[in-house]
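When the chains are written out, they are named A, B, C and D in that same order, and each has its own residue count from 1.
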Amino acid sequence: MTDHGHAGEGLLEVEGLTIVLRHRHRPPATIARDVSLRVNAGEIVGLIGESGSGKTMTAKSLIGLLPDRMEVVSGHARFRGRDLLHGGDPARVRGRDIALIPQDALHALNPVKTIGWQVGEPLQVHGGLRQRRIATVVGDLLERVHIPDARRRAVDYPHQFSGGMQQRALTAMALSMEPPLILADEPTTALDVTIQAEIIDLIGELRDATGASFLFISHDLALVSSFCDRIYVMYAGEIVESGTRDAIFSHTRHPYTRALIGAAPRLAGNPERLPTIPGRIPQPHEEIRGCRFRERCPEAGAACGEAPRLDTADGDHAFRCWYA
Amino acid sequence: MLALVFWRLASFIPTLIVASAILFVAVNVVPGSAALSALGIHATPQALKRFEHQHGLDRPLAVQYVEWAGKALQGDFGTSFQNAVPVGPEVRKRIPVTLQLAGMAFVVAIVLAIPLGVLAGFRHQTGADGVVTTLATLFGSTPNFWLATLLIWFFSLQLGWLPTGGYIGFAEDPAGNLERMLLPCIALGVVSSGLLIRIMRTAVIEVMSSNFIETARSKGVGDLRLVSFHVLRNALIPFFTVSAVEFGFLVGSVVIIEDVFRIPGIGSLVLVGIINRDYPVLLAAAMTVTVIVLVVNLIVDLAAQVIDPRQVRTGHGS
Amino acid sequence: MIRWLNWRRYGLVTVTLPVVALVFLAAALAPVIAPYDPFELDVLVMLQGPGADHLLGTDELGRDILSRVIHASRVSIVVGLVAVAIGASGGVLIGVLAAHFGGAVDSVLMRFMEIVFCFPAILLAVILMANLGTSVLNAMLAIGIIFIPGFARLTRAVAQTVQRQPFLEAAICLGVGPLRLVTREILPNVIGPVLVEAAVAFSYAVLLESALSFLGLGAQPPEPSWGNMINTGRGFIDQAPWISLAPGAALFVTVFSFNLLGDGLRDVLDPRLHD
Amino acid sequence: MRFAVGMPDAMLLVARNLSRTFRGRGLLRRGGDVRALRQVSFSLAKNQTLGIVGESGSGKSTLLRAILRLTPYDSGSLAFDGAEIATLSGAALKDLRRRVQPVFQDPYATFNPRFSIGSSIALGFELLGEHRRQDIREEVRRLLDDVGLDPDLERTLPHELSGGQRQRAAIARALAVRPDLLLLDEPTSALDVSVQAQVLNLFKDLRRRYGFSLILVTHDLPVVGFMCDHLLVMKSGEVVERGATANVIGNPVSAYTRALIRSAPEVSGKKTQPVARQ
C-alpha cells in the first residue's frame, strides 16, 4: 500500500469541478457541473455515465487533456493535497503521478513503434534510467500483465498483438512509473466479453499487488457492479448518486440510478418489457431549470423545480434528489 | 515483406512496357509527318517514301515499337533524323544535368514542405495554420515559368546577383554550377512545395487526431518529443507516397524550366526533338524522363513499405 | 430530396466566387470591356509603360496589354472548361465502371490509369500537342485526356468507399437494382468530390494551357494567350517588364482563386461537417 | 438438439452443414485460410426469435451475411422458405430481398448521408410498389410514428439525429417492405443502456404488431436472454451449443458457453469470473 501521509484524506479530492465547452456563436455549454469525487489509496472507484454525461471529460481535466475549446471554470482537484488544476505543469503529473489506460487499444498505440518502446516511454520521459535498465523494466512490466513470452514480444509492433494483449500492454504502460492513481477510460469497451473479464481481473490483481488506486470510467453499470469499491453515477454533467457498491446497488436512492439498473437486461428472469427512461439525455447547451433529470423522472414532484444538492444521507452514500 | 517487394518490382516491368508504348503511340500519332519534317515540305513523294522505308517508318506501328524497344533496352536509341548522330550518348550526357536540377528542386520543395506542413498540422485551426495554408495555395498557384521569368528579372537583371541561365558542370566549377542552378531550383521547388505543404499538413492532422497521440500525452510526453517521435514518422508514410506523384509533375516541368534557363538537360532535348520533329530524339528524351519518374515512384513506394511496420508479416500468432 | 449544400460553411466560397465571376465576365464580355482592339498595332506607342492611355502599357508592337490580357482570358477559360469536361466525364465513367465491375475489369482499367497518372502531365501534353498540331482545340483535347486518369482514380476511390458503406448493403438488401444503386446511392456521393476536383483541375488546365502557349505549342500569335504573352515579354523583360507581369498576374489570380474555390467547395459539399 | 418443433413447412430458414472458408491471400498462401463457418446447422420456424451469440471471429457475421446473400457459402445448404438462397435469381431473389431485412450495428453508416431520413425510408415503399407516390409520404410518417420517432424528423439528415433515433429510423426503413424475417446485427451495441432498453422493447412491440421472425446476432448474452426464445452459441465458425434460451443459460453444456455466461456482466454485485488465461 502506498502511504501518502494524509490520513483520512483521499488520494484524489475533486471539489465543485465545472467544465464548459466554449462556442463561437453560442453561449458556452456546461459539460460537467459541480462535480465532487474522492479516490482513496488502494481503491477502485467507478465513474459511471451514459454518453454525454461528462464522465470522460471530468477524468481528462485532471491530467490537463481537455480538448481545445473546453476548460475548467471552477472547482478544485487535489492530488495528495497538491492542486492539479491551477498552476503546475500537467505534463509532469501525467504518467508519473496519474496514468491513463485509454480505450480502443489498437488505436491507442502508435503503429510504427514497438510495444516495448511505448511501454518504456514514460521511463524515458520521467525517469533518469539507462536504456538497458529500461528494457529490463519493460520486460518485467509485460510479464506482470501476463503477456506470454513477454521479453521476446516486446519488440513486436501493435498490429502483431491481439486486442486483449494490446490492452494488457497499455496497462503495463500505465504501471511503468508506479503511479499511485490510474485513470482507466472504458478500457474494455472494444473487447470481447471473455477478454473483458480477464482485463477486469487483471486490474483487481494489480491493485492488490501495487496498492495503486483506479478511477474506472465506464458506461456499463453492470460491469462496474462486479468489482468497484465505490461508485459515482453521472447524469447530464452532474453526479447524481455516489456510494459503496453495496449502497448503490442494494440501497439505490436516485431514480436515475434505479432506472439505469432496471434498463439492463439479465441473463435470465427478464420482465416482458424492460423498464425504460422516457425521453433522452439533455444536451450540454440546453438550459434546464431545477433538477436535470426532472423531465424524465417518474417520481418528479413540485420540489424538483429547484435544483437539488448532492446530499449525504448515511455515511458515504450521497444522492441528488429531493424525494429519494 | 520480401514477397511484397518482389511483387512491386515484378509489376514494374509491365508498367514500363505500357508506359513506353503510350509514349511511342503519342509520338507517332500522326503518320508520315516525320519524313515531311525531316526532308522539308518541298520533298518529292518518292523521297518521302524512300526516307520512310529507310527508317522503317512504313511498317506497322507495333513492329516499329518492338524493334525500337528492343534496341532501346540495349541503350541504342537510333540516330537523329536531323544530323544522323546516335541519340543514346547525347541523352546519357544530359541525364545528370536533369537529375541534379530535379533532385535539388525536390529537396527545396521538401525542405519547405515538411516544417511548414508540420507547423500547420500541429497548430491546426490556428492563425499559423491559416497563414501556412494560404501560403501553400499561393505557391501552388504560381506558374513556374512566370516565377522563373520574375526571378531572372529581379535577381539577374535588376540586382545582377546571379547569371540569367546556362549550365556549367559541377565537376568543372562547383560555385558556377550552383550559381546557375539556384534560380531554376527555386522556381521549380517553391511551386512544387505548394502541394507538398498541403499533403504534409493533411497527414499531420490525420495523425494528430489519432488516439495514440492522447496516449502519448497522457504519459507526459511534451510537444517536441510528440512531434519527433510520434507524429513525424506516421505522417511521413503517406507524405512520401503522395509526394512521388508531385515529383512526376516536377520532372515534367523541367521541360519548361530548362528552356527558360537554357539548361542543356533532357527537358530541353524534348523540345529540340519537337521543334525539329526529330522522332528518335524526342522518343529517347521523353522515355528517359518517364523512366526517371517511374523509378522514383518505385523507390518511394518501396521505401514507404519498408518504414511502415504494418507491412511486416506477423511473426507470432496474433 | 437530396441536400447538397451546407451553407454554414460557405465562407471561402463567398470570398472567391466574385473573383471567379469577374474572370468569367471578362472572358464573356471581352470585346465590350477591352479598351482597345487587341490586334491593333500602333508603332508610335511601342513598349510604353503603364499610363493613362494604356493602363497596363503596350507591347513591342504597340498593342494595348490590358486589352490583350482581357481577350486572352477567353482562351484560358474555354480550354479549362472543355478540358475539365472531357476529363471529368471520361474519368467518372471509367471510375464508376471499375468500381462497379471490380475484378479483372477494375485491375486492367486502373493499372492503365495508374501508369498514365504517373506520367509527367506536361510532358504528355507537350508531345500530344507537337503531334496533333498547335491549336487551341488540340490543347483542350490533350489536357482533357491527361485529366481522365485523375478523375478516374478519384471516382473509383470514392465509389469503392461508398460500396463498403453499410448504407449500400442496406440498399441492396432492400432490393435496389444495380442501375439504381449506381445512380441513387453511389453517384450522389461521387459528385461532391468530383466538383471539388473539377475546380482544382480547372486551375491546373489554365496553368497547363499557359505552359503550352509559353512553349509555343498552344494558342498561336497574334492570338493573345497569357502563356504566349509572358513568353513574348521575356525578350523585353529588361526594358518593359509589364509585358510579362500583367498576363502572369492575371494567370496567377485566376489559378489562385480557383484553387481557393476548390477548398471552399470541399467545405460546403461535405454533408457531415458542421459547426 | 432439435428445437424447431412444428411442421416442416413452418420452417422459415434452414441451414444444413453450412461452411465457408476465406482463402488467405498471398503468393504462397500458407496457413492464411480462415474457416468462418464449419458445418453450421440450425433452423428457424416462422414467428420464432433466435439469438446467435459469439465473440469476434466466431463466424456469426458471416452467417448473417450469407442469409442476406451478401456473401456466398462453399458447401452445405441454406434455404429460406424452402428455396436455396445461393441459387435464387430474378423475381425469387427480389422476393428474398424484400422478405429478409437487416438492421446493422452502426445506425449512422447505414444511411446515405446525402438523403434525408424520410427519403431513405420512402425508398422501401417505392420498391414495394404498392403505394401511389403521393401516399408514400403519409406512409413514411406513419412508420416513423410506429417506431417512436416524431414524423417531422423525415426531413432531417442522418447526422442530425442521435444514435438511438438513427437506429429507430433504420428499423422503420427495414419495416417499410414488410419483411418476414428481421436480421439484427448487434443492433444496440453502439447505444447507451437506457437507449438500448427502448430499442429492445421496440423490437418486441413491433414483432407483436408486424409478426416477423427475428435473428439477433450479438456478443451480449443478456440481450439474447431478454429477446430470444432460442439460442445458438458459436465459436470459431462452429456451433458449440444450441437450444431454448432458458435451457442453455440455465444449464450450459459446453465449456465455452459457461465461460460466456460467467463473463457476462450483470447488475447484481456478483463477481465476474475470468476464463482460463491463454
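The working rule: a contact is a pair of C-beta atoms (placed from the backbone, for glycine too) under 8 Å apart; a residue touches a chain by one contact, two chains touch by 3 or more.
Please read these numbers as outputs of a predicted model, since none were measured by experiment.
The chains that touch both subunit A and subunit C are B, D. More inter-chain C-beta contacts link the pair A-D than the other of A-D and A-B. Centre-to-centre, using mean CA coordinates, subunit A is 33 Å away from subunit D. Per-chain CA centroids place subunit A at a distance of 53 Å from subunit B.
Taking the mean of the C-alpha atoms as each chain's centre, subunit B and subunit C sit 22 Å apart.
Of all residues in subunit A, only 50-51, 146, 148, 163, 192-198, 200-201, 219-223, 225-227, 245-246, 249-250, 259-261, 263-268, 270, 272-277, 280-281 touch subunit D in the complex they form.
Within the complex formed with subunit C, the residues of subunit B that make contact are 14-15, 18-19, 22-23, 26-30, 33, 137-138, 140-143, 145-146, 149-150, 152-153, 157, 245, 248-249, 251-253, 255-256, 259-260, 270-271, 274, 277, 282, 286, 289-290, 293-294, 297. Considering their complex, residues 111-112, 114-124, 126-128, 130-133, 203, 207, 210-211, 214-215, 217, 227, 230-231, 233-234, 237-238, 241, 244-245, 248, 251-252, 255-256, 259-260, 263 of subunit C touch subunit B.
Here subunit B touches subunit A in the complex through residues 125, 210-212, 214-222, 225, 229-230, 233-234, 237, 307-310, 312, 314-316, 318, going by the rule given at the top.
Of all residues in subunit D, only 55-56, 162-164, 192-198, 200-201, 204, 219-223, 225-227, 246, 249-250, 259-275, 277-278 touch subunit A in the complex they form.
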